[in-house]
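Presented sequentially are two complexes of chain A, the first with chain B as partner and the second with chain C.
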Partner chain A sequence: MTKGKFWRTESTVAYLFMIPASVFLLMFMFYPIVYVILMSFFRVNKLGDLVSFFGWGNFRFMFDKPEFWQVVVRSCVWTAIAVAVKTAFGLVIALLLNVEFVGKRLARTLLIIPWASSVPISAMIWQWTYNSDFGLLNHTLRSLGVWRNPPIWLAEPRSAFMANLWVDIWCGIPFMALVFLAGLQAIPQELYEAAEVDGATPWSKFRFVTLPLLSGVLTVATLLSTLWTFNDFNVIYVLTAGGPGTSTDILITYIYKYAFQYLRFGPAAAMAVITFGILLIVSIVYARSYFREGAL
Partner chain B sequence: MRKQLVWILVVVFLLGIGGGVSAQRKQVSVLWAEYDGLTPDYASNLEAAFEKEYSDIDLNIISTPWDKMHDRLIAFVAGKQPPDLSVIGTRWLLELIDMGVVEPIEQWISKDLFNNIDPALMEGKIKGVLYGLPVAAGTRLMYYRSDIIDKVPETFEEMLQVAQKINKPDEKFYAVGMSGKKYVELTEYAYYLFGNGGYFFEILPDGSYGKCTVNDEAGVGALTFMNDLVNTYKVTQPGVTAYRRDELQDLFIAGNLGIFLSGGFTATLLEQRGATFEWSVAPMPHFEGKPQSTIIITDSIVMFKDSQAKEEAGKFLDFFYSDPWRLEFDKLVGFPPVTKSLANDPAFQKPVYQVMIQQIPGAKGWPLMPEWPECNDIIWDNIVATFLGEKTPQKAMDDAAQEIDSIRGM
Partner chain C sequence: MKERERKSLYFVYPLTVFILLILLFPFFVMVSTALKPVSEVYANPPHWIPREWRWANFSDIWGKYPLGAYFKNSFIISLGTTFLNMVLCIPAAYAVARLRFRAKSFIMYLFLVVQMFSPIIVVISLFKIVALLGLLDTLLSLVLTNSVFTLTFAIWLLSGYFRGIPKEIEEAALIDGCSRLQSVVRVLLPVAMPGVVTTVIYTFISAWNEFMFALTFITSMDKRPLTLGLYNFIGRWTVQWQYLMAAAILALIPVVILFMFIERELVQGLAGGAVKG
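Right, the complex of A and B next:
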C-alpha cells in the first residue's frame, strides 16, 4: 500500500500530532486567560457571567482601596525575601552536598522530604508546631532557655508574616538545592584543577568558576521560584488565611477572597490581570538577561 | 488475531451492559457539611441505606468541612455544575437566590415531611416561598467548668468577676475562650453584641435592613468589653487572633479553659472525646440592664434549579428526614430536633437541649442579605485590629459601619 503525499510530509504529520496538545492548551489555558482578561473589563454577575462593559472600573475599584496597595507591596516583599533566602540556602546546601562525605546519600534523601511532602500538609504540621502553648517550636525555645517568652507566632501581623515566610522557604529550599546541585555536577572538574594550578583560593574558585558557570541554572531556578512564590496560596491559606485581619494576605489569597468569598469576580479578575502583568514583566526581564548572557 | 477480536468484542459488550445499567440509575449529588460531632460513618451509612431502599438512584454524598462549604459551593455554582442538593448556612440563602440558582423546595418533598417540620424553624422561607428545609437549628450557649465555678454568671459583668478569680495563665488555664481568627462566621462578636441589646443593622419598618449599626453604643460597648477581656484583664487565652473557633473548642475539651461560648455540638464532642472534668451549660450571659439574647443559627438544605433529578432528590430528603436517620443526626451534631415527631424523644431532654430551647424566644438570627459574607469579614478585620491595638473600639466599628454602608450603596 502506498501512502499519500500528505503522510509523507514529515512536518504535516508533526502538525497533526500537535493538534491534541494544542486543543488541550486552548481549552484549559488560553480560554481561561482570555476570559479572565475579559472579566476584568466587564461588570460580572455572581455566576461569573459578563454583564456589561465596565472599562477600567474594576481596576479603579481596587486602586482606590489602600488595602490593595498594601497587599501588592506585601506580595513583592514576600517574594523577594523568600526567593533570596531559598537561593542562598539552596546554594549553600548544594555546595555541601557536592563534597564527598559519609552519609551523602542519606543527606540528599532527607533533603528532598519537604519538597516531596504535600504543601498543605506541611503547612498544617507547621501550624501545630507554631502553637504557643503546645507547639514544638515554643516548647523547644523555652526548654533550651533560648527564649523565655517566645512570641505567639500566628497572632501578631509581623510574626505571622515571618512564620508564613519560613514555611514557604522550608518547602522551597530542596528544589533550589537539587537544581543547583545538578548544575554544580555539570561543571567540568578540569576547570577547578586549572584554577588550583594557577593558585586560586577556594573563594576565587567559587567566584570565578562556580558562579559564572552556574548562572544559567541560577536564573532559571530563581525565575521559577519567583513565579511559584508570588502565587503561593497553600501556605498562607492553611496557616493564617490572610490574618490576623488582612495582615498576611498576598495578591493570590486576596484574589481568592474577592472571587470565592465575596463573589466579586470583576475586581478579582482585575487583580488576576495585574498579577499576570507583574509576573510577565519579571519573566521578560529574566529571559532577556538569560539570553544576553548567552547561557543557552 | 481472531480470538483477540472476539475477546475485545465481549469486553466492549459487557462494558456496554454495565454502562447501560448505570445509565438507568439517576444520579443525585449532595454537598454535605461535616458538622462537629458528625462521624464520617453516618454519611456512608446513610448513602448505603438510601441506595438499598432506592436501587434506581445513585446517591453521591460529597462531604466537606464546614469552613470550606461556602467557597466549595460557590465554586460548583460558578462553574455551572451545582450539586442537586446542598447543606447551607441559611444566611447564604439570599446570596444564592440573588444568583437565581435555588429551586423552591416544597413541591419536591412529601406533605408528611413538610408538616413534620416546626414552622418556627423555616428560616428558608423567603417572601412566602420555601427554598430551604432546616437541617440544624440551635441557639448558642455558655459552657463552663462546673468543678471550678460555683456561681454561674448570668451577666457578662459577673462572668468577668468569675474569670478574674479562676484565671491561671501560669498553669495554662485561661478563664474565657475568645477566638479572633476567621472561621465561617463572627459568632464571637454576636454573643456580646446581642447580649448588649444590639444588632448588625437597623431594621426598617418594612422588615428590610437599613444602615449598619455596629458603631452604636451597643456595638462599640460589646467590642470594648471583648477587648478588655483580652487586653486589659487578660483573662482569655493569649494570642486570641491565632485561634479559630474549632481550635478554641479543642482547648476547652483539653481542660485549658474555664468558660467557652459555643453551640450544642461542643456537648457532643465533650462526650465523644471523654472529657475528664465536670462541665455544665447555662444560658448565654448578657450585659447588666439588657435582656438576655443570644444568636440562633439555622442551617438549611436547598435544591438547585439545574438539578436533573429533582424528584429523586426529594425522595432523598424524605428518607433523610425519617425519624431513625434524623434522630441519629441530631444526636451527633448536638442540635435540638427540627422535626416535630422527635421533639419529645428522651434523647433531647438533657440540659444542653433544654437551655437551647429555653433561649429561643429572645434569640436573633444572622442578617439575611447577599452581601453578608463581605460584611462579616469587614467587621471581623476591624475587631482583630482592635485586639492588636491598631484601632480603638469606636474607630474600628466606625470604619466597619462606613465600609459596609458603602458596599451596600447606603
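Right, the complex of A and C next:
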C-alpha cells in the first residue's frame, strides 16, 4: 500500500516538478532559437524587428562574401588545431601525473588553476603578457635564447591568430589532462602486470592496454573540447576582438560583430542558424557517446 | 621493476615542472605586474620580479576605479543566478532522478544537447526579449540569461547525486506520514547536501565569470560586473596594467578556491560513465 502511495501519482508529480524549469527554458532558450531561425529568413532592421520576408536572402548575402568563407575555414582550422594540441598535451600530462611521485597532489592542484580561472580575465592577463614592449613573454623568449626575434603578437594577422589559439589551448589543457587522468586511474592495474609478464615494452603497454581502454574517455573529451573550442568567444573578443580587421574572427565572434557592431541582425541570424546546425550535430554525437559509456 | 619506476622519475619530475612553469607563467606575470610601480610596469626591458614592491596598488584600485561596485554587482548577479537556478533545478532534478514518466530519457538527452549550445546563437534574439521586458541595463537581465545557460547542466549534476541516494530513505519518510514535498526537503536534500553544494558552486562560478551577456546587456558604468568592469580598464588610452592585474588577483582568488572543491565532480559530470571505470 505504501509502495502504491509512493508510485501512484508519479507522472503527475513529475510533470509538476518539471514545469518551472521547462517554462523557463522554453521562454529563454527555445523561443529565442525559434526567433533566430525566423530572423534569418526576414529583413531585419537595426532594432532587431522583422520587416519583411526575405527567403534565403540573408544566407545568400553571407555566401556571396569571400570573408564569410574565410571565417568558416578559420573556425575549422582553429578547432582542429586547438583540439589536437589540447588532446596531445592533456594525454602527456595525464600520463605524467599517473606516476607515483612526491608532490603529485601539488602538481595536480597547480594544473587546475588555468581551468579554474575566469576565461575573460585570463585573456586580459595574456594580452598584457603578449605586449611587445613591456610584456614578459617576448622578454623571456629573448633572454632564454629560445626566440631571438619574436613577433609583435597581436599586431599581425598570422601571429595574432597563433596568440589567440594558444590562449584557447592553454585554457583547455587542464580539463583534458584531468579527464584523461581519471580515465587512466580507472584502468585495472592487473592488465599492466599481465602485459609485463608477457614481456611487453612500455610502448606496447601504452599502445595495446592504455589506448584501447582510454578510447571511450578520449572520444567524449575530444567531442566536448570540440564544442567548447568552436564556441570560444571570450578569448578572441578580449585579446583581439577578431582584429586586425576580421583576420582572427571565428564564426562565433563574427556573428557577434555582425549583430552588435554592424547591427546587421539578418545576416547575423543566418550565420547563427548555420552555427546552430553544426553544434546540434556535434552535440548529438557527444550525447550519444556519453550515453554509450553507460552514464544512466 | 621498482628500479625502472625510480628511474622514470628522472624525466617525470623535470617534465612536470617544465609544463607547470609554462601553464602558470601568466599568473606569475599577473602577480609580478600587480606589485610593480608605474615606472617599472613600463620599463623596457621589463623586469621579471619588481625591484620595488608596491603593495599600495591593492589599496589604490578601490579609489581609482568603481571596483567596489563591480564586486557588489558580480555578487548580486551570482547569488541571484544561483538562487533562481536552484529553485528551478532541485524539483526538476528530483523528477528526473526519482520519478518515472514518459519522455524522460528524451528530456535528459535534450538537456545534454542543449547544454552545448553557444549563447551567441540566441543572444541576438535574447537581446530583443530582454529589451521587450524592459530589462536592458539591469542586473536582473544577467540573472535570467545566466540561469538559462547553467540550468541544464545543474539538473544533470544534481540528478546524478539524487540517483545515488537509496530510495528507501524517502519511502520510510513517506510511511511515517511525510508528504512528498516534506520528504524531499527534510530527508533527501540534507543527505544530498554535497551535490547541492557542488551545483551551487558551479552556478555561482559560471555567473561570476560570465562576460558576453554583460557586454551585450549592460551599458551603464555602475552596473558592470567584474569581468566587464576589468575589460573596460583596457579600453582606455593608457592602461594601468598594475591596477588591472591587482584587481584580477582579487577577482580570481575566490573563484579559483571555490573551483578546487568541485573540479572532480565537474570532470565526472561532463565525461559521464567514461571516467567512472
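Quick note on the criterion: the second predicted complex is superposed on the first by the 274 of 296 C-alpha atoms of A that agree within 3 Å, B and C clash if a C-alpha of one lies under 4 Å from a C-alpha of the other, contacts with A are read in each partner's own complex, and residues count from 1 in each chain.
Basically, a residue touches a chain if its C-beta (ideal position, glycine included) is under 8 Å from a C-beta of that chain, and two chains touch if they have at least 3 such contacts.
The shown structure was predicted, so the numbers you read here are calculated from the model rather than taken from an experiment.
Once the complexes are laid over each other on chain A, chain B and chain C cannot both fit and instead clash.
Of the two partner chains placed by the overlay, chain B and chain C both lie in contact with A:Phe260. In the overlay built on the shared chain, the residue A:Ala155 is in contact with chain B alone; chain C does not reach it.
Look at A:Gly48: by the touch rule set out above, it reaches both chain B and chain C.
Within the superposed three-chain model, A:Pro212 lies out of touch with both chain B and chain C [touch as defined at top]. Contact with both chain B and chain C is seen for A:Asp133 once the two complexes are overlaid on the shared chain.
By the document's definition of touching, of the two partners only chain C reaches A:Tyr286; chain B does not. In the superposed model, A:Trp115 lies in contact with chain C only, and not with chain B. Taking chain A as the reference, the larger set of touched residues comes from C, when chain B and chain C are compared.
Using the contact criterion defined above for the overlaid structures, shared-chain residue A:Gly243 touches chain B, although it does not reach chain C.
Comparing the two interfaces of chain A, the one with chain B and the one with chain C have residues 48, 133, 260, 265 in common. Within the complex formed with chain B, the chain A residues making contact are 45-48, 132-133, 152-157, 160, 240-241, 243-246, 257, 260-265. Interface residues of chain A facing chain C in the complex, by the touch rule stated above, are 2-3, 5-7, 10-11, 13-18, 20-22, 24-25, 27-29, 31-33, 35-36, 39, 48, 89, 92-93, 96-97, 99-101, 107, 109-122, 124-129, 133-137, 139-140, 170, 173-175, 178-179, 182-183, 185-187, 196, 216-217, 219-221, 224, 227, 230-231, 233-234, 237-238, 252, 255-256, 259-260, 265, 268-269, 272, 275-276, 279-280, 282-284, 286-287, 289-291, 293-296.
Taken together, the chain B residues at the contact with chain A in this complex read 70-71, 74-75, 77-78, 80, 95, 98-101, 172, 180-182, 237-242, 256, 370, 373-374, 377, 380-381, 384-385, 387-388. For chain C in complex with chain A, the touching residues are 1, 5, 8-9, 12-13, 15-16, 19-20, 23-30, 32-33, 41-46, 48, 87-89, 91-92, 94-96, 99-102, 104-105, 107-109, 112-129, 131, 144-145, 147-148, 151-152, 155, 170-171, 174-175, 180, 208-209, 211-212, 215-216, 227, 230-231, 233-234, 239, 241, 244-245, 248, 251-252, 255-256, 259-260, 263-264, 267-268, 270-277.
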